[in-house]
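Handing you this structure, nothing more for now.
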Amino acid sequence: MPAEPPSGRGAAVLRRWDSALIATLLLVTLAAALAVDGFATGRNAQFLLLDAVAIGLVALPVTLIVVTGEIDLSVASTLGLCSAVMGQLWVSGWPLELVVLTAVALGALLGAVNGLFVTGFGLPALAVTIGTLAAYRGLAFVVLGDRAVADFPRAWTDAVGGTALAGAVPAAMLVTAVAAAGCAVLLHATPLGRSLFAIGNNAEAARFSGIAVARTKFWLFVSCGAVSGLAGVFWTLRYASARADNGQGLELAVVAAVLLGGVSIFGGRGTLAGVCAGVLLLVTLRNALQLADVPADTLDIVTGSLLILSVLAPRALTALRRTPTTRT
Amino acid sequence: MTRAHPRELGVLAALLLLIAGTAAANPRFLSAQSVRDLLLSAAILTVLAAGQTVVVLTRNIDLSVGSVLGLAAFGTADLLATHPGTPLPLAALAGITIGALCGALNGALISYGGVPALVITLGTLYVLRGAAHSWAAGRQINAADLPRPFLDLGTATVLGIPLLALLATAVVLAVALWLHSYRSGRELYAIGSEPAAAARAGVPAGRRIRTAFLLSGSLAGLAGVLYAARYGTVDATAGQGMELQVVAAVVVGGVAIFGGSGSVTGAALGALLLTCIGSSLAVLRVDPFWQQAVVGALILAAIGLDRLLTTRLAARAARTAPEVSRAG
Amino acid sequence: DGDDGGPGPGAGPEPTAQADPDAPLRPDLSVAFLPKQVNNPYFTVARGGGERATAEFAGTFKEVGPSEASASSQVSYINTLTQQGTDVIAISANDPGAVCGALNSARDAGAVVVTFDSDTRAECRDLFINQATAEDVARTQVELIAGQIGGAGEIAILSATPNATNQNTWIALMEEELARPAYADIEIVAVAYGNDEDEKSFQETQGLLRSHPDLAGIVSPTTVGLAAAARYLSGSEYAGRVALTGLGTPNQLRQFVHDGTVESFALWNPADLGYLAAHAGAALASGRLTGAEGETFTAGDLGEFTVGPDGVIALGPPTVFDAATVDDYDF
Amino acid sequence: MPDPTAAPPPALRLHRVAKSFGAVTAVSDVSLTLHPGRVHALAGENGAGKSTLVRMLAGVHRPDRGTLELDGHPTVLRDPAAARAAGIAVIHQEPTLFPDLSIAENLYLSRQPTGRLGRIDRRALRAATTAQLARLGVTLDPDRPARGLSIADQQLVEIARALSLDARIFVMDEPTAALSGTEAARLAAVVRGLCDRGAAVLFISHRFEEIFGLAHDITVLRDGRHVSTDPADRLTPDTVVRRMVGRDVGALYPKTPTTPGDTVLEVTGLTRHGAFHDISFSVRRGEILALAGLVGAGRSEVVRAVFGVDRYDAGTVTVAGRPLPAGSPAAAMAAGLALVPEDRRQQGLVLQLSVERNTALTRLRRLARHGLLTTRRERADALHWTERLRVRHGGTHTPAGTLSGGNQQKIVLAKWLATEPAVLILDEPTRGIDIGTKAEVHRMMSELAARGLAIVMVSSELPEVLGMADRILVLHEGRATATLPGPGATAETVMAAATGHPGGAA
């Protein structure tokens, strides 16, 4: 909160949060491997990683957007609309290559609409994307209605669910990992990344420094749309089913993963490594608990508690460390 | 001037436009029963929006209201079903207490932890929903299990006006009076407008924020009681997804999502507008596949219109009276 | 197999093994129910039936599933069940196609798959336990509403979501049924969708009454919709003037049957559905059934059932509840 | 002047207080006594620890060591509310207002006059606000929200807020930094009035004429340590400066005459409705043009529009003969413009980011290699500039917000000087800067002009304007009222034009 005087510990705490998160991830994985039957198998690892693809993919651009102090809640609806359009185009006989490209381009267009409302009209992103969350999902139903398009070529659906690197890793996960690495470099080691942090902390000062704030945000929304479109393509092919309600509710999971990863909802703070660890932790925990037959309502409770802990724990740590010095 | 509230006028204009349009297409939209239904439908959302407004004004947000509503609704219904002799005021108090406890939990975590409300309440959204599911364990409480007088509350009218609508109006007026005319109410605006300045001015921000969440929780609890009375069928999913509607109502009603400005009457109008959109679409028999898309588009239109009016008025003020800001 | 995944007209893979009706039931069968959504009262009742059946053949029973009705989360639960080496998976599918890949992996790993309530494509399960044939459901509802409005007038349908497969099938068949000369005076004037939400169902009911002043009756082939519409009607000026029927549970509607808002309505017994699904799964896993048309087996105290075309077993015609019978049931 | 020993017990006594932030020691072992009816001035370089002391008195910081006594009673100020309850009113260096609340509520938050049933009496609230503002000679509408007030107006509201408190001790941290002479003089009169009523005042300023005009006692701080406390009449500005800085300071306003070159920046007919109207001027290489005027005259808005941060309704801006697209700071920077904005905390710096991130912000592309930017390069660059401007900081990786006000200002200067602009626009460049650095900044301006830079300077300090400018453009209520040659201008001619009576001007 800006109420706090900014402290030099901010960055350090964040780094420590990253490490803590990664340590937790390893610990959870280890514990699950020892305690849960069927967790430590190659096939389960693949199921797990495949489950992480859609959330992970969408979390990347959402992270960038949240770092600039905005938010995009329409990602899941964009995914759904792109999936629906994909299905519609495929049944009307378009070649699949073209269908895929169109879906991604459509995603970019939908993102551009968000971006226009946010940067062009100066409306709060939370409000705008709640609106488009409803609108895009609605359009998906307009396009595909109650139908489900399922007859995608086996070669494509197999490729999406298939593996790479000698069968060790799902191919889609490999793509996601590469994208994550690219985003990490972009965010932490390029001029653009620096300006995102500046915008998130103080957009006015960024503008006074010659950073094209509106344009940057606009293109972030566009790329977020495009990536959501891509995630829609992945979703459609992975489940071999184009439906208007694909990915419903994914936005909350994505936001949860991003926040768990240590990105500040007020913008200007966060790391991509943290987000990746956040995504994997969420997915791994769900997978392990499911295998341990933990009921769904408990899963929800665990997810929620984890989120709460994710912000309270770093606070508690700093407070503990500070206590002895202030109480003199 | 701060006297006139252009933001509320914007929502009111949108509302009147919608009602006029719908009534033109189907005059029965304005029949007594229809207006009663509209007010009834809006009552629960309005109560939630009033609580949400108080929280949003302080630069926080309460995403857990849907889950709190569910918990309170189920709790109240369960109490009445298992102890049919319970006096109704006591049952209502029980529901409100459940909500108040949830609100107190949120407020305590947020103010003592000094952590973002969005993350905490996203967490409690999951946790409380999970708790409701564990409690209900798949049970459903039906109209036949509930005492007749309780169910009658949901449909009773006073002088032809639904009781629930009167209750909601009373809540809105009370909150509006507090926010507008009492020092502690004004302090909520101060906290949201500039937390650092509030700290310097010696505003007890932590206490005020806890109060805001307590109020939001209690009102969500009250909304839960109203929900049970109105629908008569309650299971653990009551109010699921309601949080986005509430936030949308508040934002459409002109409350700044980053705190400091807006009014509870505006939020109430926003709730009425959203409900009205739903009802008009049903009355106009808009293609169901189009409905959600139209709702989204109308939300965007409403916040866009609001922004347009605000900037127009500001620009006009600047042009016609360049010295207005310094005029004595 | 070389199937391209299309919804081809052919049924599932031809059963290769021969059914042995006298084979002993395998001991220690693990049975898993995977409903569309856990904690949904309807599926909670079905689960009770499944549990009872499993206890009868001394297997182990569990219910797993997502807290929100989505196909993708079902897939991850199917994967989990596959990992755990479950013998019988009884699933009510959120999407006929999306769960196919995962179900086939489960079958490759040795599980048998029974669908109930909501089917998948035929090639990815062994049997489908149909709660009632769509024709029966449609016919029953048409008969009920026709009787309640005296054989003539405008009626409307309040469905679940616009993309609910079951409801859409029933609505289509009801329209066919109403096309018969006996129902010439009945006209469907609108189909509304309450999305299985109370508030939306309320609003849609109001909308129907507003835009069709001469409406004589409403049919709601979904439990949430019917309960919401009943609640709305009972407290409005339309109570007693507009007939209401559809599919609902006795517990939800008892109140409204007694106060006259609803004269009669229909539903199968979800507990029986779960019971039959579990027994069918056990019979499949033990080799008593292969899923081929014409095979018969005994499902505990429900008696004997025959496998129909496409591996479908029908539970039977829906039960009709009215003021005289509604109190005999508790679900 | 009353004898301190005969005076009533000190209103406030700080005894050997200290405060550190991590490795940075802001204040160590400082004692200070405030007497009723006396003004005590605090002098020191940027980062000497003045504001830290103020924050201890305000209840924002708790001292690590040392004690505080009020009227002889040891007291602990837990939070700002406690300080206020103890009768201490504080004007902070950086005004923090509630942008969404009206000016009236900014003044009287939590203390609004109430009527029946505890309801706020808005009429009384408005009247009280108008009266308070009138004391300072300000005519702001009490109902207008604080958002969009200029820095000076914000400062005035902050002052009015403190004065409206019924306090016995007034602590004023650079209250006049953003004010022009008229307002400052009015504040001085108010302060004297407070003293006459028996209040104790702690007053901080970098302007010596104010210190010596007001103070009874002067305490000098250096590097967080107490250097000296003396009655003002036993000191001269030179001794104070020497004690502050520990060395002699170069001349202020060392403007060396240059021969102006080609015109680089040309502004014609620039208009934004409601802000400024038909402003035209041009600046040549080597020339310093000053924009003068009263607070709120629209100078800042003009330069913001020129730089492209604000839009304008009519007019053109050309740089080196090429028209500049409106509304694009990036384009302005590409054309060689730089703007040091007036509000360093909102516009100049990203307070949460480190010093090195801030200095690099204007040159991200230039500092990158193969498109990649490393912290190491940013750090090396930041070290170079912070040394050049003698910035006092706890390491270039510390957030800019932890620097003292003056040092923050230097970071803003650094990030813009580093762009090597052709036209440098400075909006209140020395606001809150200590006298030593001020001389340094002025010397640098002269040097840059001599090297062929065109400089546009907005300043509310008349001596600075008269001392540095080659030409002076005077604005009054958004319109240009006079263009005066720098050397020939006097305080009178500038003020005449600034108040809308350019008759006396040449």
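Just so it is clear, A, B, C and D label the chains in written order, and each chain counts residues from 1 on its own.
Note that a contact is a pair of C-beta atoms (placed from the backbone, for glycine too) under 8 Å apart; a residue touches a chain by one contact, two chains touch by 3 or more.
All figures in this text were calculated on a predicted structure; none of them were measured in a lab.
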{"item": "Between A-B and B-C, the pair joined by more C-beta contacts", "value": "A-B"}
{"item": "Identity of the chain that, by mean CA position, is farthest from subunit B", "value": "D"}
{"item": "Centroid distance [mean C-alpha coordinates] between subunit C and subunit B, Å", "value": "36"}
{"item": "For subunit A paired with subunit B, centre-to-centre distance based on mean C-alpha positions, whole Å", "value": "29"}
{"item": "Chain centre separation (subunit B, subunit D; CA means) in Å", "value": "44"}
{"item": "Residues of subunit B whose C-beta touches two or more other chains", "value": "129-130, 133, 196, 198-199, 256, 288-289"}
{"item": "Where subunit C touches two or more other chains, by residue", "value": "38-39, 67, 162"}
{"item": "In contact (per the touch rule at the top): chain pairs", "value": "A-B, A-C, A-D, B-C, B-D"}
{"item": "Of all residues in subunit B, those that touch subunit A in their complex", "value": "109, 113-116, 118-120, 122-131, 133-134, 195-196, 198-199, 205, 244, 247-248, 251-252, 256-258, 287-297, 299-300, 303-304, 307"}
{"item": "Complex interface listing, subunit C residues touching subunit A", "value": "3-7, 38-39, 62, 64-68, 70-72, 75-77, 79-80, 82-85, 95-101, 121, 161-165, 168"}
{"item": "Subunit D-touching residues of subunit A, taken from the complex the two chains share", "value": "5-8, 10-11, 185, 189-191, 193-195, 197-198, 201-202, 204-212, 268-269, 326, 328"}
{"item": "Sites on subunit B touched by subunit C in the complex", "value": "26, 28-29, 31, 33-34, 37, 41, 44, 129-130, 133, 136-140, 142-145, 151, 154-155, 227, 230-233, 235-238, 278-279, 281-285, 288-289"}
{"item": "Complex contact set, residues of subunit B against subunit D", "value": "1-3, 181-183, 186-187, 189-190, 192-194, 196-204, 256, 260-261, 318-319, 322-328"}
